[in-house]
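Remarks on the structure that follows.
We call the chains A, B, C and D, going by the order they appear; numbering starts again at 1 in every chain.
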């Protein structure tokens, strides 16, 4: 069976997903696309049909599964429509921009009776993170106590805002931490170090975020989106019996010009290209089974709840509590 | 278009390829299988049809491309049949067990008028090797002068022979060296260190091989198939301006029990799993273009010529010359 | 000239210093020792004369320079006596347990007219820290913005207290940060993650400390004194142009038992043995010049001021301001 | 007791040793110097007395121990004179330029009745090599089977000759291998890869040397004295149970300009500075005991015997046997 995918949103991420499905993923093809900017949709369509809007695309009998990659604010609407149609959906993060909308999606999914939604936290498909998850879950470092993270980009685009350090960047670590630690974040705080001269004046960069989990694990996260030297993701978990650290990607070692060294990825899509492939493949593979796998609506809700509280913390300068519902048995 | 693949030989490697095509590769399906042991073929067939022999499989109109994974001695016959049928073929290494048979294949392919054959040297699809190739080709280490290699397996199977250290193991480095250095090996020698107590009595292990290229580069290669600690592939090229080293796979670093360390792969199919995927995908992608890419019949011939001379060197204890034809313009 | 050293305090550290002077340092000998426990002093004396108390030892014409290694509370008294006698003094950290006593020492030293005091912050003599200092001072990472530190011990002794995580352990990072960043710490905070089960009930362990400098650099420090796996000191400075990280000690890499790894030091005196030697040698070499070098009374004062505020922060759970005098021109 | 050292030869190495004794070593002073070039000796003398020749220096009652750092050809004469005078001697490598002269020294030392000679193989005092020795001796990698070595210099001086790749450079690995493996080298061979364009025309560079030990261990050694990128010493021992590798020196890791990397030493005296200190200190410490420690005349003899055979191998292009006496019980 070839899964026929409809893609909502053909901006950079959407086009990237279309390209992956077309050239790298097994068992799927893109049969439908739509975008608010119809010309853009047509440009990316290839052999896919262009639909006037998300609702029409989701309703099409030529669409088995829906990939939501439009603007964040429109995610919830399309996901809800897909659930109503009983169609599997891969939604780019965030699942929704408010916790309330995430809860609405959860309620709809629960009414449907089985998981239909996978949220696009692709780090869970990165080989290094996966092995960390395996080692921590196996108990090899004992109970986790601390986690030290960094999320660094070479340079930010002009429209990158201080809030995006949480909503676009840090949210990946928020999800990764929840997943690696099997724990929920209950409070959050943001500290502002001196900013780099290499940022635009409107931006606070770097930022230093602190999270606490329900069981008392403390997580610190440096988000630095103009670090100049490359795209660099660090994650280190300190447990009662040992410490585990995410590896740098394997690159040939060069000894030349009085230095021993390796290249470092410059962009996030280089660093996580294989993870994006694995994420999409896992999604495509899950469609025929009728049961979504990977990051769930609950995970999407938790990430949005923590991110929302963290944006409040950016503004208040205080420790902010994360207000979260209890996890429904449906998502256990 | 879905490439319909016929697989000749359903032993371990053949089954592994069937599994990859079925579960991991885009744009292909296995529609035909055959094996001398028909029961074995049927066990691996899945939805594919079982053919009585390679000739019947190759002739089938339901087979677009042929994957040869049977016993080494039968490779040449099937490759020649596939060429005669004008069908693309991916042949597991070696292309043939004698240089003469390789030349016969080259002649047939040249008569056909375009490349039909890809030889299964999957290291050329490993990310680390590929970046080494890129850096060396870019001239970043200057002209190569020396290459230091090691090929270590945790433990060899009882039927592994001293010759297989060349024919099954070292042949991968022979091809990788030729490819990385863009040079041909002209002489070869094998030196026997003291053997490990962890080998069966019939086996000489480790072995230390020395190669010289046409331009005077010296390559040394330790093949050690009972090294106990894991599967470990080392490759280091020393050039006039610097040195480049194949990385170890990226694995999370664990600090525990008074050690800092990482796990090491135990088996070759773990280490090169992504390379095998990429190799097969590249082959599948090349089929509709009508033009084979990757390691060619010429590469298969060169590897067999060097390996044959190296087996002579194992027996003589002397430096043996590699007798090779000049490279035909067809393979330039 | 051989510098004749009098050692006040012959507990573990004192004996260690005596041993270094006797066996590893050039140009010095221990001629005098004293301890509240006279029997202990006699046991460590070797060829040195045992004095009844610090005052007598300092006054002795056979003592050129004084090494203060007694209990923390008595440091200030002996340092002041040595200054009054015009004798150079190496004082183990802390210079004094209160900022006020440190100020008294600074005043006495300034009256004397030249530096007589070196404080025992030996990390400034560690090769890795020294190269970090050189690289940062050269501007290679631009202006520092963040510093991430960890101070981990394998296991703490039963009498180790929660306060000692600041006063005995973290104070090293406090000094190292001030030195590497050429900046003063102005506020401090302590966060308590879940404690490890491997600590005694009276102890909070690990602790996570946060510091801010006058120029807005943020420093975080994990102190974890029962981490189980070894003695591990981490220090990473993030600057506007790049990032610099303290190396792990160089140890042979072992590949065995399915792991690639190195040993890790188990105790602090293994890790910093060479730094202690270099510290003592630098001190001995400075004596004949009549001018102390290395960490000064000002550094001792600053460390005590920050540590005192940090202990307050442990108790209050709040951000505490560090109250420090302006740096006198004498210590510029 | 202060050991009064007489230094024969005040060229670069001699001056370096004088400097170490004067500024870094405990328990010794240089009281006497001599050089064929008297003006040079006077320039380096400091407070030491200048003697007309080695014999006069050795005979002086103001000399307790002799450090031989003159031209290689004169080593044997001075060492023999020192033995005749019953004075301890540290002789820079080689002990003598011919095996015969080494045997003469051994005979003289044996007649004296106890070891008086330490040969200047300072790698045995390098922390990395020492830990390798400890781990191998402990049996952690099982019986050694292979050793892979490299000795690379940034650039050679104009007067560096092809023979010096053995006599000045490779001889260090010859000694280190004998010491680490507790085995003797019995045959030797030199292979010439293509030479780098960065060498003077008279020089063959790099060279690739192969050694076999009595127990069948195979050692390969790349000597490359114009590698451009730095001073780089590699040593890897492959044993029946695992593999052990000499570490690169610990240097801070810098992430900047799209690279992750560390600096590499540019000169041998940077790389082995601490080893030279430890070597000299060990020698000085041994003088009062009346019993030389460290590399012995036997080690000096073995190194010269292997090096001599290796120079023959450079010329013959063949495998050359090393002709060595049996080890006298005196040196067991």
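Here is the rule we go by: contacts are C-beta pairs under 8 Å (C-beta built on N, C-alpha and C of every residue); 3 or more make two chains touch, one makes a residue touch a chain.
Quick caveat: nothing in here was measured; it's all calculated off a predicted structure.
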Comparison of A-D and A-C (more C-beta pairs in contact): A-C
Provide the C-alpha centroid distance between chain A and chain B, rounded to the nearest whole angstrom. 38
Between chain A and chain C, centroid-to-centroid distance (C-alpha), Å: 44
Express in whole angstrom the distance between the two chain centres, defined as the mean CA positions of chain A and chain D. 58
Give the residues of chain C that touch two or more other chains, as numbers and ranges in rising order. 228-229, 232, 241-243, 248, 255-257, 262-263
Quick one: do these chains touch in a line, a ring, a star, all-to-all (complete), or other? complete
Complex contacts: residues of chain C adjacent to chain B: 228-230, 232, 248, 255-264, 266
Mind pulling up the chain B residues that touch chain D in the complex? 143, 145-146, 148, 150, 191, 193-198, 206, 208, 210, 215-218, 220, 222, 224, 227-229, 232, 238, 240-243
Which stretch or stretches of chain C touch chain D in the complex? 23-27, 127-128, 131-132, 135, 140-141, 241-257, 262-263, 274, 281
